[in-house]
Amino acid sequence: MNAPQTPHALHFMPSAGFRARAKDVVENPFLRQSFRGAMDFLMTKRAAQFPDPEELESLRSLGERIRQYNLAKLPDLLVQLETNLTRNGIQVHWAETPEEANAIILGICQKHSAKLMVKGKSMVSEEIELNHAAEAAGIGALESDMGEYIVQLAGEKPSHIIMPAIHKTKEQIAKLFHEHVPGVEYTDNVDALIQIGRQVLREKFEIADIGLSGVNFAVAETGTLCLVENEGNGRMCTTAPPVHIAITGIEKIVEKLEHVPPLYSLLTRSATGQNISTYFNMISRPRQPGEKDGPGEVHLVLLDNGRSQAYADEQLRKTLQCIRCGACMNHCPVYTRIGGHAYGTTYPGPIGKIISPHMLGLEATAGLTTASSLCGACGEVCPVKIPIPDLLIRLREEAFSAPQANPAMRGQGAGHNALISAIWRGWSAVYSSPALYRTASWLASRFRWLTPRRQAGWTSVRTPLQPAPKRLRDLIKERH
Amino acid sequence: MSARDRILAKLKANAPASAGELPDVAAWYAAHRGEESNADKAKRFRHFIELAHAEVYAVSRGGWLQKLYEVLSAKQIDKLLVAPGTPHGARAQAELPPLGIACPGYDAPIEGWKAAMFNETPASFTAARGAIAETGTLILWPTVDEPRLMSLVPPVHIVLLDAAHIYNTFYEAMQTEGWKDCLPTNSLLISGPSKTADIQQTLAYGAHGPKELVVLMIEENV
Amino acid sequence: MPAQPARPTDVYFFATCVVDQFFPGAGMDAITLLERQGIRVHFPEEQTCCGQPAYTSGFPDEARKVAAHQLTLFPNDWPVVVPSGSCAGMMKHHYPTLFAQDPVRQAAAAKLSARIYEFTQFLVDVLNFKPEDVGSDCTVVLHTSCSARREMGVHLTGRKLLGDLNHVTIAQQDHESECCGFGGTFSVKQPEISAAMVEDKVKSLKATGAERVVSADCGCLMNILGHAAWKDQQEGRTTPSLPGEHIATFLLRRTAKENAQ
């Protein structure tokens, strides 16, 4: 079987369609139930990994400290990482944009006359839409993580950063395999389905020219790339083909090897509720003389794609602390209701809402910032204590304020609406003036019968809000 | 200016003046992770790796070959990939074939026999460098003699572990052995057979790597 | 746990705009409960709103102007009791950052922050209030707001107050800690998602079979009771399938001496 031919309607969807997509999902009881069940499962598993609140809290504090320390030294650490990787024989490339990253990767492929690239799970490769670019260049890009493979067969994007096919049932997957993998009878037995995937992909690992992977932690002091996984496909991609290309965002760097164990522990326990993943794969060199396997060439592509914009602001920089565990999604009541595709961004859920504006600009993502009740569940579980609700509030400000001369963010003011801004100014004028407030609230109570019966958004599923006949201040006065 | 220089310039222009003190990882482990006796570490290691679906057998320093033979027989495996350049691999290669188990050695670059590795190698036998009790984890540092694919491609992977080399934590292992100064081409932590839960959160073993992981654990009192 | 503050003789009551305009009864009941504990309750007449709606909507300047006004209302060093975890959270945790660029106001905000108490937190942690239940047997379900739970960290105090009532059973809803979907302007900006959330919340609350829902936050109550009432209308019920009230109202009724006869 060749790499699946995916239809390419896979470009980033603008946030403009967000409400419509969200509505489609919330009105689908089957999907609602399915997401709810999946998220409940992941939340329960995570909770079981952290029985001691004190330990969890201190480990989160350590994780936060490690990430902040390393971000503070980021430019120096990138240089140190580059120096040590180069010394180790790993070739380092830098890309400011997805286009540059794709050009670098495809350039390496073309140098080796590659026909097939097998891919380990990499959200950064999704971010740059590498599969699309590879196929346009005549190179097969085959996802090998089971979830990613399923999603690719279906011509979709992952709906979750850790569990890419979480929106699919085994029956849907059974049908997909039956229709797309030659010679496969319909079966919805999960073990059988996994064995089908295993068989198909093993053949590809054996013959692939290029293995592509992401990176979970890049260690500057040793020049080491660390990969976390359960399936073994990541090890396949980084060991079996003659060339390994890793791609990572510039933020996933730690100075010290000893920074890895706490972050790794936080990652697997927060993500899937595992005390550890099946494999932790540390790559420090290409194949050395005398070694009998492993890629002869190893490359690392360091991608910016808006991260340096987040870095420039002390508050927004916290976005880059993320270790991509997905716990914020699993615990988000909004993600649970709408799933990952509704967001229309590579990274969905709370982390997606705070990182995507740096990658795509607020012009494409302003609407997403409003898709949160600010309940704080994401910040509460974040293993590195990213204050996601505070960042959402900040992004709302960036999105809805009047456009400024030298904005901190691309697309600042993109959601600005003169009428809405005027309403808030009016609101502010009333509520900062006791006299105006007294009058306005008195009128609202006195003329409560004039309250509209239809109130935008609110009354679609609620009775109208109506002021009480007397305000608290009136009741207090009457009492005396 | 190159992409590299532009990225670094942007970051440097906005980096905080100070990163503060180095995070105190040692203090966290000292406060939250105890040190156990060898017996307790072996017990904990076994508990967690068995939870992850590995098989563990306690063996004596001299008696592991017999157990290896029994495991292979029980699984009806008659071919085992070994590393002839290692003492355990050499011993297996010397003593198993007379018992009816072929022991091809990994003694040539993979390019010459990739298809055989992927399609005609039912099991492999390697050593572990050590293990981690906290999570039930094997530490493997593949070498010139015992290469990387041995612990990945064959459907059954059998590992010889000396229980004297079990650490309490990952952190303790890397600190005690000074990994930061000596990491090899590839180093691995392995905590069970390959698995996935990507289809409807249903756990399935044998995704891409070994379907079965067997640990022969050398303990002094066996 | 910080040491329990000394029992004050006087407190300020910051009612919140929602209580003042929509739930005045809850405000009166909270004041009455405090007074029954021998506390003099002061209601600064000039209070309006904590500023949170503008703040969380991304209009910090507008919020700051409103917040700056509230900063002037509490000159004496008395605790400020707020019958809402959400507004208390705004005043306690966001005022100091809101005035980060204004040293004078920031100092005032920091001082005020230390004196802010959510209503149930004040009853339990400061007054050590032990309600004496004079009501008959009943089962209630408690909804704690996300701000009370995660920002103020006072999710246990409401539960403790209800738990101290001898004839009250607390029902346990599924997904207790999940947001009801209110989120201020969220409910208007993302009405479909908010609707799905409140629908699930009301189902969970009703599934407990509890006679009523109580909460220390009127924002959540507005959302939850509003949806329950709408559903009743849709389905032609004339009596509420999920009645509810502020925890102050419930506590006052359960402990009111006149009810004992």
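Note that the chains are named A, B and C in the order they appear, and that numbering of residues resets to 1 at the start of each chain.
In this section, a residue touches a chain if its C-beta (ideal position, glycine included) is under 8 Å from a C-beta of that chain, and two chains touch if they have at least 3 such contacts.
The structure presented is a predicted model; accordingly, all values stated were derived computationally and were not measured.
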item	value
Topology of the chain contact graph, where touching chains are joined (line, ring, star, complete, other)	line
Innermost chain by mean C-alpha position	A
CA centroid of chain A to CA centroid of chain C, Å	34
Whole-Å gap separating chain B and chain C, where each centre is the average of the chain's CA atoms	54
Chain B contact footprint on chain A (complex, rising order)	38, 41-42, 55, 58-59, 62, 65-66, 68-70, 72-75, 78-79, 82, 94-96, 100, 144-147, 150, 163-166, 168-170, 173, 190-191, 193-195, 197-198, 201-203, 205-206, 221-222, 224, 230-233, 235-236, 239-240, 250, 256-262, 264-265, 272, 275-288, 290-294, 302, 304, 308, 311-314
Of chain C, residues touching chain A in the complex	15, 17, 19-25, 27-28, 31, 43, 45-49, 51, 53-63, 65-66, 68-69, 146-147, 149-151, 177-179, 181-200, 222-223, 226-227, 229-231, 233
Touching residues on chain A, where the partner in the complex is chain C	19, 22-23, 26-27, 32, 333-334, 337-338, 369-377, 379-380, 393, 395-401, 421, 424-425, 427-434, 437, 441, 444-445, 456-463, 465-468, 470-476, 479
Contact footprint of chain A on chain B as seen in their complex	2-4, 6-8, 10-16, 18-20, 22-26, 28, 31-32, 48, 52, 106-110, 114-115, 118, 134-137, 144, 147-149, 152-153, 169-171, 174-175, 179-180, 183-202, 204, 206-210
